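Input: structures, listed below.
In the two complexes that follow, chain A is the common piece, with chain B as its partner first and chain C second.
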Partner chain A sequence: MRSILGVTAFLLAVFVAVPWLIAVSGRWDFYYTLTSVALLSIASAGVWLTFYIGRINIGQGAYALAGGYVSAVLITKAGFGFWLTLPLAGLFCAGLSVLIGLPILRLRGVYFAMVTLVLTEVMRLTALALPVTNGAKGITSIPLPGELSVFGLVLIPDFASLENPKLAFYLMAVTLMVLCYGALYRIVHSRLGHLCRSLQQNEELAASIGVNTAWLRILAYSISSFFGGIAGASFVAISQSVYPSSFQVADSVNFMLNCFLGGLGFVFGPMLGTLVLYFGWDLLFTTGRYQLLIYSSLLIVLMLVLPNGVLSLLDRKGVRR
Partner chain B sequence: MSPIIEVRGVTKRYGGLTAVNDVSFDVEKGEILSVIGPNGAGKSTLFKLISSFVRTSAGEVRFRGQRISDLAPHVVARRGVVRTFQETTIFRAMTVRENVIVAHHLRSKATLAGFFLGTRAARADEAAFGASADDIIGFLGLDAIRDEMASTLPQGHLRALGMAIGLATGPAVLLLDEPFAGMNHDETMRMVTLVRRLRDERGVTVLLVEHDMPAVMKISDRIVVINFGEKIAEGTPAEIQANEKVIEAYLGSEDAAIGM
Partner chain C sequence: MEQILANGLYLGAQYALIALGLTLIFSLMNVLNFAHGQMYVLGGFVTYTVVGQFGLPFIVGLVASALILALVGAGVEKFLFRPVIARSKRDESTMLLAAGIAFFLDAVILLVFGEKQRGVPKIVGGVLNWDFRIIMPYDRILIGVLAIAMIAGFILFMQYSRAGRAMRALAQDRIAAQLMGVDVERYSMLGFALGAMLAGLVGGLLVTITGINLGMGGPTSIKAFMMIMIGGAGVISGAIAGGFILGMMESVGLTLLAAYGDITYLVIFASLMIFLAIRPQGLMGKPWG
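What follows is the complex of A and B.
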């Protein structure tokens, strides 16, 4: 009952209250910020799921970049519509992560983390080298998302024809975010999630109760990468361009920090973490050259004081999730 | 009837060390068979070989006539040969009931996608697992701590929970590595009764490694004795107690008491 109220309040806030507040205050620039937060939180949700099987994933930027390029290439070179490239970008990344995950998911702890850290850089170099990605010049002037219609019924209008594409992008991003977190919530609270937890807590025992641990790890990692891919593709649609540097190692690190900060024990942790970290960074911008120093120190303090994330404050009575 | 488990010339080498050396024996269906031997004799390694958690260097293990050596451990578990661990292994950050429920994995009829979507088959599975978990928890006398976090439990309960996890998989053969370790006399006797009932009421074949000799003598139909990785004797408790080689092996080691 409480959770239904919570979800309703959240949906009203993002779909009604925020657009209304922005219209009233005239702060249209906020749309871009909030759209970014929503999309980044989708990528972070993927990282969170890898945490959930006991792996520290610092490579989500690689999949965001790959997803962005898949969408951009399909739109500009093959004439696909954006809405079709969005799931294709996710599926491409899921498939890619199976190939990458097969060897690296055997690694644990810091070894896995280090390999994933390298992944983003490898993806950037790949984007630089491949002919289809157009090297350092990247892919630019990507058309805005077109119309999406089913049997002549227009579900989503052509973004180029809209008076306010910013609002449209915002609505698209938060809708995707709601869908992704809904899916994540279901995963975590269904048997799949219980098995992931068993894997996180004791891989040997999980195998002895008959869990195909290698397969389950791959499954979770590919869902994680799917989230990264669609987040990347959406970003590219907004900026209408993609470069090898669109997602960098720093982004991968941030995705991971978002999870830490929000709380690894809470499905909605990465969403909150992304929001706090994004705005925290912006606020610190006013402090000029001390920005990075203050930011890093604050993060360290926060992790020491709240090792299980901000949401663990709600959890003091031992009520889980 | 042919044996349910056939261990045939099984050997495991770690570098220069031969942890298990050319061991062979049979386990009959419905039997309680104990493997004993001094510390470092290779008992745990033997169990890991049977449950296929480590690869054999030579020889093979057969279950119902089919080779199970060197298969993935989850495949062997799926066939019905399930192992609990010497170290108390449980899922620490789950409640007792969650531990037992998650261990029902092998019995799912619904697919993971089905569970995600909450299909009818998935809901039926969930209900069945819940009921079966409560049954097992009752069987092992864990009702009072059903909703406790596993990480907070004392040794005795942890052992019982480990056994509950093993039981939840619906095994044909259950391998228990030192199930009575860290228990006092009363707890041990209670567990001895439980293991018996496991066999009598649920038809589970039980292999166990144990150091508590009175318990071993009481519980076992047959005993296999291992020393320095080799089988030195096999027989009923009475035969083993009278066996020269066994007495010698035990007198030469720290766990001296083979008698009562």
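What follows is the complex of A and C.
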């Protein structure tokens, strides 16, 4: 009952309260920020799922970039509509991650982290080298998402015809976010989630009682990459352009930081982490050239004070009770 | 062909030196030092400042790079990694700390040295031309030889000195080493300082040839990660092998694959995937327990 109330409150907040507040205050620029937060938190949700099977994934930027390019190429070269390319980008990334995951998911700990980090850089170099991606110039002036209709019933109107595409993008991003986190919540609280937790704790033991660890790892990793792919594709739709540098190593690291900051034992942790980090970075913009210095110092201090993440504060309270 | 091999050796010697520092830190503390590339860039800028700005001889710059980076490394270990390792429950925390330090060093380098590409004048002029089969400037040869000499010096230090023995014991089994009376904290700090110093030295060496700029840190870390993936993390011979293998592959790839565009690293990564599928622990790494 409490959780239903919580979800309702959250939905009301993001779908009603936020647009209302923005309309009242006239700060239309917040739409872009919040849309970015929503999309980045989808990618972070994917990273969180790989954390959940006990792997440190610093390669989500690679899949976001791949998803972005798949969507951009399909729209501009093959004339697909955006709404069709969105799931296709996700599926492409999931398929790619199976190919890449088969060898690398046998690695653990720092080794897996290293190889995924390399993956991000390799994806950037690939985007630079392949002819279809148009090299460093990237793909620009991608049309806005068109209308989506089923049997003549218009579900989503053409974004170009709207007077306020910012609001439309915000609603799209938030809807996607809600769907993804709903799916993530379902996964974590299903049999699959329990099996994933067993992998996190002890892979050998899990394997010895008959859990198909190899299959589970691939499954979790491909779901994670699916999230990365759709996040990348939607991001490209909003910025209407994609470059090899759209998602790079720093973004991959940030996805991981989002998860960690929000807490690894908590499904909605990555969402919180993304919100805090993104807004923190934005607020520091006023400090100009010292932005990165202050941001990184804060990160280091945070690690020194709370080496187990922000939500470890909750743990401590729990013990005292 | 000879030219490709010579280029590969020259690249490999530098790469091996970078990978050695990273692998040393990893084996001693189980920390993946994300900031390794940034330490390399910092070393380059220190040499640039000493040689290019103050007009002192190159060797002074190199020594200054080594000393400053050793101090940075020791400080990072003592004040940042040690308290976090002592209190954190998961391995990931040190990686996040390392990522934070990498961002921090980037910011410091940007503020202190600016974003421009910097270089110092050639230390020796002239070009070796062996019958048009190998053409290589003398300064590259000198840097390559210096790098190999440093690798040899490092191996001898690890093999025969008291500190080197202590660090190898630490890498093998931290608790057993502690029980045998090795001062774990002191040698962890020394090891971190040594690893950072190696990164600084390579930066100092390379600033004479390729110059240095702020953006080189991240890609350098990534190359170093690839090298220790190839060779096996935490093994000195593996880091050297990984460095030379990557250097060779890059040299061969840049020549043979030039016709197909800039896909050398894509090919290297694909081969790394296949290699890891067969041997996840790298060439010389220890298999999983």
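Definition applied: the second predicted complex is superposed on the first by the 303 of 321 C-alpha atoms of A that agree within 3 Å, B and C clash if a C-alpha of one lies under 4 Å from a C-alpha of the other, contacts with A are read in each partner's own complex, and residues count from 1 in each chain.
Just so we're on the same page, contacts are C-beta pairs under 8 Å (C-beta built on N, C-alpha and C of every residue); 3 or more make two chains touch, one makes a residue touch a chain.
Here the structure is a predicted model, which means the values were calculated and not measured.
Following the overlay on chain A, give me a clash-or-fit verdict for chain B and chain C.
fit
Put down the vertex angle at chain A formed with chain B and chain C, C-alpha centres only, nearest 10°.
80
Looking only at chain A, is it chain B or chain C that touches more of its residues?
C
Once chain A of both complexes is superposed, is A:Met256 in touch with chain B (first), chain C (second), both, or neither?
A:Met256 sits against chain C, while chain B stays out of touch.
Which holds for A:Val174: it touches chain B only (first), chain C only (second), both, or neither?
neither
First (chain B), second (chain C), both or neither: which does A:Asn212 touch?
After superposition on chain A, A:Asn212 lies in contact with chain B alone.
Touch check for A:Arg289: first (chain B), second (chain C), both, or neither?
second
Thinking of the overlay built on chain A, is A:Arg186 touched by chain B (first), by chain C (second), by both, or by neither?
In the superposition, A:Arg186 contacts chain B only.
Contact-wise, after the overlay, does A:Arg197 reach chain B, chain C, both or neither (first, second, both, neither)?
The first partner, chain B, only.
Look at A:Leu117 in the shared chain and tell me whether it touches chain B only, chain C only, both, or neither; answer first, second, both or neither.
So A:Leu117 only meets chain C here.
After overlaying the two complexes, what is the shortest C-alpha distance between chain B and chain C, in Å?
Minimum over all C-alpha pairs: 12 Å.
Report the residues of chain C in contact with chain A in the complex, numbered from low to high.
26, 30, 32, 34, 80, 83-84, 87-93, 95-97, 99-101, 103-104, 106-108, 110-111, 218-219, 222, 225-226, 228-229, 233, 261-263, 265-266, 269, 272-274, 276-277, 280, 288
Chain C touches which residues of chain A in the complex?
My answer: residues 51, 56, 100, 102-104, 106-111, 113-115, 117-119, 121-122, 125-126, 128-129, 131, 249-250, 253, 256-257, 260, 289-290, 292-293, 295-297, 299-300, 303-304, 307-308.
Could you list, by residue number, the parts of chain A that touch chain B in their complex?
It is residues 186-187, 190-192, 194-195, 197-198, 201-202, 204-205, 207-214, 219 of chain A that touch chain B.
State the interface residues of chain B toward chain A in the complex, per the touch definition above.
For this pair, the touching residues of chain B are 51, 53, 72-74, 77-78, 82-85, 89-94, 98, 101-103, 105-106, 108, 110, 112, 115-116, 118, 122, 125-126, 165-166, 168-169.
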